[in-house]
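Each of the next two complexes has chain A plus one more chain, namely chain B in the first and chain C in the second.
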Partner chain A sequence: MNYLADVGALARKDLLLELRARDTLPAMLLFVVSALVVFHFVLPAGSSDLAATGLLWVALLFTALLGLSRAFAAEREQGVIDGLVLAPSDRSAIWLGKALSILAFLALAELIALPAFALFFRHIDGTLIGGVALADVGIAAVGTLLAAMAAASRARELLLPLLFLPLAIPIVVGGVGASVADDPARYLGLLGLYDALFAIICWASFEYVVTE
Partner chain B sequence: MSTWSRNNRLPALATLALTLTAAAIALIFFYAPLDEDGLNQKIFYFHVPIAFTAYGCFAWGGWKALRHLWKGEEGADLESYVAIHLGVIFGVLTLVTGSIWARYRWGHWWVWSEDQLVLFLVLFLFYCAYFMLRFSVPPGPQRANLSAVYALFGVVLIPVSVLAIRLSERFIHPVAFDKGGPNMAGSQFFTFCVSCAAMFSLAATLYNLELVGKRLDMRLRELREALQ
Partner chain C sequence: MIRARALEKRYGDKRILRGIELDVGADDFLLVTGPNGSGKTTLLRLCAGLAAPTRGDFELGVSRGRIGYVAHEPLVYRELTALENLDLYGRLYRISERRERIGMLLERFGLWDARHERVASYSRGMLQRLALCRAFLHEPDLLLLDEPYSGLDGEGALVLDRELTERAPRTAFVVATHEPERLRRHATDLLALA
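This part shows the complex of A and B:
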């Protein structure tokens, strides 16, 4: 499969770059742990565990934003994006490759963040982890496309949170619901629906974002 | 399209909008009966049609964005932008009228349990970001493409947000808000329909008016560039 080979090559390029330069992932890790420490001081004594769970989602969302704002930095600075667009492959492969590498960064960041949360605040259960996994897919899919949009604009990193947060509200509802509600299934369903819908629309429309 | 209908569409639409709006106001205040909420309930005839019109504008903007991406239709980008611009104006009016209604109905200017209000707040933030995006990209094909893709996101976001906001009530407000209002009488429903028609025709008039202005602006700029 030619398409999958292209996607794999692009994702590997991002992971290799990160392995050599190490400029995004350490920042995400440090940010998410610092955010959790700040949240300890934000919560007044005696506030419920549920509030802490809500704050975990704030930390995850902003950590993702931090990673996403650097997603197309290398492509932009070196003019790589023009080369990628000219390459004889489907443009959506660029999106899929980048989304996969972002997904890997998110998963690695959460590998530290979730145990840290369990250590500092409360135990975590399977539905919370399931919610985080499903939310990651949506964040990576939508965030990658929006990061490409923001990279094309004058405002660059400034624009990304503005574009992303309104679109992330259903993710937050699904994620928080899956971690605190008594019937997590329907919230996981919402996250799955969101992932499917937005992955399709991002996959189909990425070409128009990078070409004129 | 014939020249006559092109030249006279705007005045005709404006006349229709004026007539329908006058009729709607007359019906609202002199024909529709008062219900148990008293005079406060009258804002319903403004709030709901304005909200429908805003949805209509967003949907039309999304449709034109799709036409732009799919068929490369000439001018669809401008039409999409104008529709979304109007949608945001009607969206703000929805927020304001909804807030007034909430104040008289439940005693607070803002109620998180009112799905429509929360949804319009989300949409308002989303479409404000649309303007930020549009005006931070230099005019040209790329601006048109980025705006169109983001506008399409909006059309998908509306139903997903409706679902999400419904679901969020279950953990934010465990007790469902009882809003079981009175059923609409026939005369109230008729008034409501006329109000809707008035708002739609008003939006169509404003849409065409803004398009005429924007197109004139573009032609003027082209002529100026040709002269230089």
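This part shows the complex of A and C:
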């Protein structure tokens, strides 16, 4: 129960910080809508739904990257990460609290992005929404760990995409597959497996990322 | 509480600390002095468990939840108020009667009236007072203070003097400072880094 209370306190703090500073979510919203508008004009008339769906995933992935690049900004700028690491709570609670807040930001961005995609390109169905939801879990899990690693580095703006994008390839494969394949269950299963596997790895390894 | 033998710390090729010998007991007050770049902050980070030694033996006989740490930075969120910051730490440290304790510390350090203001609007001295509140919040057994008087005005320094006098008999201290005179009366040991 203490663990969940710690996670809740840390996630609540992140949401409160965003409510006050508004430096992540508005940027994500603007980016994803702008990207979809640009893609709308990039795709030639009569292009297939498959191409449009692929571009949706590109937009979502880079929107997530934008949010992740700001994930540990407050902790880095104020050195707060040392204070959190010194607290007696399990250090993985820092990861889980941050991952939950990133998940919330992604969900809010997609609340705007998916209707915009439906407006510009094609209708969205339950499978696409399911794929996006499962992808968000994986993005938040892996992205939070990598954002913490990158935050400790001087070359953080370069390091995060270099680490995150290769690890996000299975998410893109699963997400696009779930959105367009005749048998989406296989791809949704892949996303679920990725989420479970990487959530465990990230949960267990976060302590080593934030300590020397 | 802290025991170090032939402690060495390097960052890459740069040697920060070398041949450090430490014995800090439960009610000892170790004063660490030295010029800029001599490794005072690094030593405190080692004592806090925030950094690992490169070589040598190092034993920390206290759990991290019993350590209070004042660093160069206040380790608080600028967009939260003093009350929200301390409440977050109070929850993570599972402090019973958290609100009463936070209120008492804020009043003692003269921050009660500014408790609902965002920390971003605080002066350097107010930030240092808040950092001290954060470090004292959970009644730690080991206090690691890096230039604790930095930024404090006369009144703030007097409050800190009182806190140190009150806590010194029952708390272990490792204090890094450029001005050892003010703390010499508490000190049981002195480590001068070159």
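The rule is short, and it goes like this: the second predicted complex is superposed on the first by the 212 of 212 C-alpha atoms of A that agree within 3 Å, B and C clash if a C-alpha of one lies under 4 Å from a C-alpha of the other, contacts with A are read in each partner's own complex, and residues count from 1 in each chain.
In the analysis below, a residue touches a chain if its C-beta (ideal position, glycine included) is under 8 Å from a C-beta of that chain, and two chains touch if they have at least 3 such contacts.
As the structure is a prediction and not an experimental result, all values here were calculated from the model.
Once the two complexes are laid over each other on the shared chain, residue contacts for A:Ala71 go to neither chain B nor chain C. Residue contacts after overlaying the shared chain place A:Lys13 against chain C, while chain B stays out of touching range. Of the two partner chains, neither chain B nor chain C is touched by A:Leu96.
By the document's definition of touching, of the two partners only chain B reaches A:Met149; chain C does not. Once the two complexes are overlaid on the shared chain, A:Ala178 sits clear of chain B and of chain C alike.
Contact with neither chain B nor chain C is seen for A:Leu29 once the two complexes are overlaid on the shared chain. In the superposition on chain A, contact is made by A:Glu212 with both chain B and chain C. Once the two complexes are overlaid on the shared chain, A:Leu167 sits against chain B while remaining clear of chain C.
With the contact threshold set out at the top, residues 211-212 of chain A are in contact with chain B in one structure and with chain C in the other.
Residues 2, 5-6, 9-10, 13, 16-17, 20-21, 74, 77-80, 82-89, 211-212 of chain A are the ones that touch chain C when the two sit in their complex. Listed in rising order, the residues of chain A touching chain B in the complex are 142, 145, 149, 152-155, 159, 162-163, 165-167, 169-170, 173-174, 176-177, 180-181, 183, 186-187, 190, 193-194, 197-198, 201, 205, 208-209, 211-212.
Against chain A, the residues of chain C that register as touching in their complex are 48-52, 63-65, 67, 69, 71-80, 84, 88-89, 91-94, 118, 134.
Chain contact summary for the complex, chain B toward chain A: residues 69, 122-123, 125-126, 128-129, 132-133, 136-138, 140-142, 145-146, 148-150, 152-153, 156-157, 160-161, 163-165, 167-168, 170-171.
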